[in-house]
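The following blocks contain the structures, represented as structure tokens.
Presented sequentially are two complexes of subunit A, the first with subunit B as partner and the second with subunit C.
Showing the complex of A and B:
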């Protein structure tokens, strides 16, 4: 079985047949490969959230279909058939810590596996593993989740999602509200889960810096349509196009282009990570450094 | 009322901790804020920024010390007058809607202050226009996107014409364009209406636009000054979990790689210029 997410001519219209009818997705065809790190970007109202809600059957296509790791959903799919799919795809919405409720961190993380039929002991074992994966220190496991800092609460919520052992992790602006340090640690943690646990990551973000730093695939939505589907390098190689669509460059690429322009150099390289940028600057400054 | 030394806010020796907790969130904090300035208040989560904002608005009560806003001492008698002077915008706008549609949500605060209907109608329309939400006047707030909600929340505050606007990470849920738009908008409005802005933010690039940056760590002010003097001390900022402006990061990395860049604060444009001159000289 091919593990991937494929949408074919997916259309979704809200409130069909009413005066408020609104087409949110138009002929969306995408392919997200197993093990990829895909960023979905687009402005408010571009259809990102609607698309996300198709990934675990919260919404069903008005027409067309979407298949997720072999489960195909179209407008005839019954809700009963969605149970298994919902274990495949873990969702981290904005402010996931709002969903914490148990007395202790450990119980909160163990809730989902218990709910899916694991014994108390098994569920606890899974919970301990997942707590470790998200770098929660041992000493917080018996504490109430509500005594923790915002960043730690979010880790608990994420561990709870990982405890369902999903193959795909969907992240909807997962670092909103964290401070820079917390944001950096959280993004590094997702990257580690992607690499070490081979999780497919789908990241919805406005942060082009994160797209440049982490993603290997990027999809741009505008007014419910896919207007770009490529690699970050390709996407950021056309600043003119980005500007026309009111999208930003990552700071690294933006800085490089400013420097190229000022020195009348062609846009011959597209640095994404800051290491790449400083290497490029050194190359431009040439062998003059040691004089 | 004339202000002492032009200070719209005077905070003297302020301490605060939550009941049943030993740790002070703010400890002996003294701070004056000049009327009409744009203040960026930065610090990691838990450093006391939001607590300070809530104390200034009287949402929390200090354990000791005093707060004066626009010449009024914060106490039970003055608290309502003080609140009229302050507009707060929080990070998550879902927590601040009351109206059934966007218009009536904005009108709510004005009704409370007894603004005559005619003026209310025009203030609501104006506020919606400046935040670019006039087309959504009759929409239900719950059905708006995050960014749109935040614009409405800001319109609600603007309509009240406060003397001080406190933005508590108000732009953190907006996309970069929305964020830039909003900051530009508030800057323009500030120039027109001469209010004071206290922006609690993690967006270091936004903080570089402020007149004055105040750095809080563990309930204490550890740095206070113009952006260019704050952001050159990059190690200190990184040590307390904050970010440094992008050009500073690049300057640092290039220094590490052996490029002889002066140890001063550069904006991105200045950095590009410096690199070009360096290349041409050598």
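Showing the complex of A and C:
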């Protein structure tokens, strides 16, 4: 079975047939490969959230279709069939700590597997595993989730999603409201899950630094349309285009461009990560030293 | 949720929109009172014409008013049927056990029907042309005399406006939490009654938690800006009594007199 996500001519209109009708997605065709790390970028109201909600069947397309790991959804799909799909695609909402409700952290993490038919014991075992995976200390498992700090609550919520053992993890601005340290730890954790657990990751973000650092595929949405579908390297190699669409460069790339300009060097290679930038600077220095 | 017309304000600039909310609120209540003066077809016709004039003046499409009636259709039907079958008098058309279908009953049924529709249309007219904030403002100012009876008028109206303000926020929040729990495998509206009631818990607890948090934030934000109760607080929106308000009151007075003359 080919595990991938494919949208074909996906359209979605809110409140169709009323004066408040609003087209959120227009002819969106995308292809997200299994095992990839895809970033979805776009301004508020560009249709990111609407697109995300199609990925686990919370919304059904008005027209067109989307197929996810072998399940095809169009506007005739029955709601009952969407349940199986939700197990495949774990959806971490913005501020996911708002979904916590159980008496203990452990019970909350075990909520989803129990819903998907696991026994009490199995669910608890999975919950313990996933708590470890998101680096929750053992002693918080029996506490109420509402006693924890904001960052820990978010980890509990994410563990609760991972407990469904999804193949795809959808993240809607997962680091919003966290401090820089927590932000970094969170992103490193997702990267680890991507590498070690072989999870396909779909990340919605405003942080171009994260796109440059982690993603291997990037989709840009504007007013419900896909305006770019490429790799971060390609996307960030056209600063003019980014500027026209009011998007920023990642810090490293921005720095490199400024440096190249100052030294009047040709922009032969665009560094995305700090290591690449260091290499590039060393090369420049080395070149100068050799002269 | 869109069926709920209460608090669904439609922005506009009609004569009715521009009226003082105090006079609108007071007259809406007054109208419910004088409806009970009507007891024959002339008086009902007059009331219908008067209400229709109000609807026309608001420049809001008639369909909005009809949508206001729809949720209450069963209540109206039930009351009308009660009137029709349990009122005796006049020519009896049909009779079975405790049920009678008499001329008097039929006429009364029609009257009750119109009474309901008129009250709903008039109160819909109020909520469609007056924003919730204006209504709570008007309520506060109309209740002011109760202050002398030690009723906390200002606090009541503050509670009302905060509650109204957070209705849309809570609805958004509910939708978001429902989506999150759906993603965790909860099926709403499926399974046995017990299962369905159980499915409400994962929505209600997060909603309570976030409401308490929000209330605390709001209180802090208000205190940070120097809020210390209603005493001596001035208003941002000052109501000004205009000629149109006086005119409307005169129109209602004329209506009342006409009703008294025309009724049996």
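The definition used in the following text is that the second predicted complex is superposed on the first by the 286 of 291 C-alpha atoms of A that agree within 3 Å, B and C clash if a C-alpha of one lies under 4 Å from a C-alpha of the other, contacts with A are read in each partner's own complex, and residues count from 1 in each chain.
Here is the rule we go by: a residue touches a chain if its C-beta (ideal position, glycine included) is under 8 Å from a C-beta of that chain, and two chains touch if they have at least 3 such contacts.
What you see is a predicted model, and the numbers here were worked out from it, not measured in a lab.
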Practice task
Please tell me, clash or fit, for subunit B and subunit C sharing subunit A in the overlay.
Solution key: clash
Problem - subunit B versus subunit C as contact partner of A:181, first or second or both or neither - result: first
Exercise for the section: Applying the touch criterion given at the start, work out whether A:258 contacts subunit B, subunit C, both or neither, answering first, second, both or neither. Expected result: first
Fill in the blank from the handout: Partner touching more residues of subunit A, subunit B vs subunit C, is chain B
Exercise for the section: Please indicate which partner A:206 is in contact with in the superposed arrangement: first for subunit B, second for subunit C, both, or neither. Expected result: first
Practice task
Return first, second, both or neither, reflecting whether A:100 touches subunit B, subunit C, both chains, or no partner chain.
Solution key: second
Problem - Offending stretch of subunit C which, after superposing on A, collides with subunit B (from 77-85, 221-229 or 239-247) - result: 221-229
Exercise for the section: Would you please give the residues of subunit A that touch subunit B in one complex and also touch subunit C in the other complex? Expected result: none
Practice task
Using the touch definition up top, name the residues of subunit C that touch subunit A in the complex.
Solution key: 173, 176-177, 179-187, 190, 201-202, 205-206, 209-210
Completion exercise
Contacts from subunit A onto subunit C in the complex sit at residues 53, 56, 58, 80, 83, 86-87, 90-91, 93, 96, 98-101, 111-112, 115-116, 146, 160-161, 164
Exercise for the section: Quick one: which bits of subunit B touch subunit A in the complex? Just the residue numbers, please. Expected result: 44-46, 91-92, 145-148, 169, 172-178, 202, 204, 241-243, 246-247, 249-250, 253-254, 257-260, 268-269, 271-273, 275-276, 278-279, 282
Fill in the blank from the handout: The subunit A residues in contact with subunit B across the complex are 43-45, 94-95, 149-151, 173, 176-183, 206-208, 246, 248, 251, 255, 258-259, 262-263, 274-275, 277-278, 281-282, 284-286, 288-291
